[in-house]
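Working notes, structure below.
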């Protein structure tokens, strides 16, 4: 029973992190119909930026903010410089491009930051909380992780549903030409989409790193799991991404605890294929019209 | 993808033949041409192999297995438009099959049969995955094969028989005496095991490329291109989309299986860490660098990936970088080149050269 | 007033528009007619800045807008309804309408929405539905309504009748006619369906291979058997 | 059409000509009998240099930590070279990156042996990686010394791998020593195993089970690369484990400590030597030690582990002073770490082996010398090597220590044993070895 609870709570925090990452993928997918395989190394770089700032003696929150801001900038720069030329071209070009970026950022991080492990601080404590007298396997930072992801998801929903910028971003994503003749500055919206996505990606990087160890490859496993989570949720919906992430976190945590950690990637593959083949629109789609 | 990237798509010789005679003659002229190229290639390989040292031979063996896998991948990605990030996983299937069949003293099966078996087993696995993959597109197929690439090493760890993290040693059977004699008779030098594996690799590569080249030129190749270029049009033309996709996937994974078999023999071990995501990405960068859809490109790409890291790391060390930093230079160069190729020269090296050549001759 | 002078556009080596000149007068419907590939759609796309003009001028109320980017056209008073209707099916009716009035102040926009739902009651009924569920005719109403949200001076319509049942076409064209009368719009209507177009147009411009071959009062064109046979196919 | 035909004719002609030329050039007679021929006893060695090589993960997931080992080697060789080298020969250490991928290991080993023509492989790292090349090295008769891994494979069967030598205590004897200590000192503890899912975990488990099979109530394994170990620890927690034996690498020591904190799991910890590096783990955990004394390894206090060479915590050890001196003079960027000390300690042994092989070392000479005098070499190791004609296994024992304030406090004398059912005995004989004044060993030639 206790093991079940611990596994579940662990899965929930882990799921929140996948959810954040899936949100980032979803944002980019919404704005440019590209899956950004370089999301993980981008987040890794911004986490290192935060670490450098924290190690220089500044507070955790300064580093946190710096990572988010640099994520925003990095996303915008990557979209403008690298991705813009392949937008609207064959899908495969964009995929290869982001994979190239994946390899490049990785190597550059190895050169700049070295490949040793470093610990990354976490606010709100990394010791399990106690409710009454019963200890529960949830840390202050874990609670923060889940809340942060929920808040970000909420903000994104508000942004897309109720603001003009959100509407313009969606219009630009769905139909560039129509959006243009209606006066939407499409290029700017795409840049904004990438920038926001990279910001959310940076957040996921910070949440994974918090209270744990970082090295240039620490986000690599999230590439696959974040993608699976996004697909579970339908790739198009922020809420779906978050639910997908949570479900995946719980399932993988259970697989790792009860079947063996070596089977976790296989479980992710099975879940992904099952969803793609049985419910191509994701678990929460109303109309299964997505072409996968 | 621009159609101009395909090997010899607009080769003047073939085009001339196609126009000049009835269809039968066009078809029959392709095979001899490929075969004579193959013989020429084998001779060139022999000359290179005999005039270079053992280390170069071992590098050539690596180039051979990368080349075989890249050839298969370029057919899938360049010709049929499906992207696989999981070809490393299929190489693992071929490699483990080889390791299992060669286990035993003497091995239960002769070497060519083992190679064929590895290809066949991988082909079957590929068929299963291909049926699922054929229903996916673009980023979805990329993501699914990515998950496959990550999952396979875990599966290997799960089964004790496969040796866990340490993997299985690959016992290379003794080189048959008649081969040693024949090799000595032809080349005048001893055939050491390294060279033997390199020859096997290149023989496998040449056979694979001749088969692939014929497929690409024939009806099957046209079907694949049609599916890639315009699904709707292809379907209207009576092409069964799913079948074409699965076939491309199966052919491509069979190549990966054969490549895995050669790799197992060249590396002498199959372990999960040998089939990391890096391997799959390496293959992809080989075909992108060389030029998608071109066998020559795949070969050039695998040559680059075999010889470039060595060169770049050397340059880095000479420039005074620490070993650790110099070692990161090679992937940095790949990554950058992949990006630049897509942005500047999406046709890859072969495509770009061909375009330049055409422009110079005023054909285009 | 919408004025095109010597407008020339090429796609690579292919010249799609070749020195086209005409004027669409305020409060009138100008029908641009011609066969497939005559350059009609290119004309609208060039006028709205989606395609770069090689030569010539586009003027809106006397102001040169040839080089203005497509994103600024709506603000300058030109609304372009592209071919294939251009409803963003993933968004709701309401969101589509809101997109039309991006540069307008919020209060004016709310009033406009009410007015447009009055003009097209069906849009009011389906206000919160995804545009995906609308029929062809309803989608056409939605895009026209969305274009009106920008309070344009000039409305460019590309093949509004495409794929619609004749009864719906008539309905939409009648609506258009009454809008021109009530709002004082300048409409440039690109149509293959020349007979219907001329029935509501004031002026007709006939394009062939990127050039203007005839321009005249709509009634006169409809009566000219030679032109009808050569270019209009009825 | 013209072109095609001409092309085809040329092709055929060229093919025939080449074949004919090749036949004519070398088709003379049969093949001479296969002789010894291949082993080049003098490869890699000249009058004034000796070139050796090693493969390490400098990139990728295994690089953190391990990539520092070769820098320790290099620093010590530079130190020796600056002091005249070994018998006038300067040592050149060629390091290649294999990213902990056996495929790459095979490639870079080919490069080292066939192209760089190294005299010997020294300290090649990793079990799966080195497994890929061990047969090749033996077939090529290249000395394969001081493999950086505690697998039994490097030394338990010298007949099969005559050219390969281990260096560090193998995981099995470590498991035995730990098992016996637990049996004697914590007989009532419910033990849980936290194992890396490879030979390291497996051999360690086998050793420990020889003594405490009945005390072990739960076994969990983690896969390197998967950094979420909460499910594994939850399983141990559910089994009411009160002593966790960890056969894991240092990053996973840090991760398991952090995770245990998260899930309120407070057992006693016993980490194998590989995973305990108090300096590294302590530094990693220092951030989370919640206001304890200035950056101390508070979280590691009370953790049990073993030691077989003095590390950075042994501040009064003469060896550490030597390593510090060497690192300050010849080290690369960064501080002296236990990984670097590990590398320097191996380098020290290599220099001894080279000296033992005499003025004109040959590949075979080094191997013979190690077999002959290896067990008597004095060095930083707390226990002697087991090198002999029958065993190429490395250091024979270790002491059990408890970490306090980032230092290991010995709980036992040095315990030595061997694989199999060999008994565990106390042997402090090698622990008192002190480095020579100039920091360079002086071993008499073995023959």
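Residue numbering begins at 1 within each chain, and the chains themselves are lettered A, B, C and D in the order written.
One rule holds for everything that comes next: a contact is a pair of C-beta atoms (placed from the backbone, for glycine too) under 8 Å apart; a residue touches a chain by one contact, two chains touch by 3 or more.
Quick caveat: nothing in here was measured; it's all calculated off a predicted structure.
**Q** From chain A, what is the lowest number of touch steps before chain D is reached?
**A** Minimum number of steps from chain A to chain D: 1.
**Q** Roughly how many whole angstrom separate the Cα centroids of chain B and chain C?
**A** Chain centroid spacing, chain B to chain C, equals 54 Å.
**Q** Just the number, please: Cα centre separation of chain A and chain C in whole Å.
**A** Centre-to-centre distance between chain A and chain C: 43 Å.
**Q** Using the average of all C-alpha atoms in each chain as its centre, how far is it in Å between chain A and chain B?
**A** Chain A and chain B have C-alpha centres separated by 33 Å.
**Q** Averaging only over C-alpha atoms, locate the centres of chain B and chain D and give their separation in whole Å.
**A** 35
**Q** Could you tell me which residues belong to chain C and also touch two or more other chains?
**A** Where chain C is concerned, no single residue meets two or more other chains.
**Q** Residues of chain A touching 2+ other chains?
**A** 107, 110, 115, 220-221, 260, 262, 264
**Q** Among the residues of chain B, which ones contact at least 2 other chains?
**A** 154, 157, 324, 328, 331
**Q** Pull out all the chain pairs that touch, please.
**A** Here the touching chain pairs work out to A-B, A-C, A-D, B-D.
**Q** In their complex, what parts of chain A are in touch with chain B?
**A** Interface residues on the chain A side: 29, 34-35, 37, 82, 85-86, 90-93, 95-97, 99-108, 110-111, 114-115, 220-221, 223-224, 227-228, 231, 260, 262-266, 268-269, 272-273, 276-277, 291-292.
**Q** Along chain C, where are the residues that touch chain A in the complex?
**A** 48, 50, 70-75, 79-80, 82, 86, 88-91, 95, 98-100, 102-103, 132, 146, 150
**Q** Using the touch rule from the top, collect the residues of chain A that touch chain D in their complex.
**A** 2-3, 6-7, 10, 14, 107, 110, 115-122, 125-128, 130, 135-139, 142, 211-213, 215, 217-218, 220-221, 253-254, 256-258, 260-262, 264
**Q** Which stretch or stretches of chain D touch chain A in the complex?
**A** 58-61, 63-65, 67-68, 197, 221-223, 225-232, 234-235, 237-238, 250-251, 254-255, 258, 261-264, 283-288, 290
**Q** Under the definition above, what is the set of chain A residues touching chain C in their complex?
**A** 164, 167-168, 170-171, 174-175, 177-186, 287
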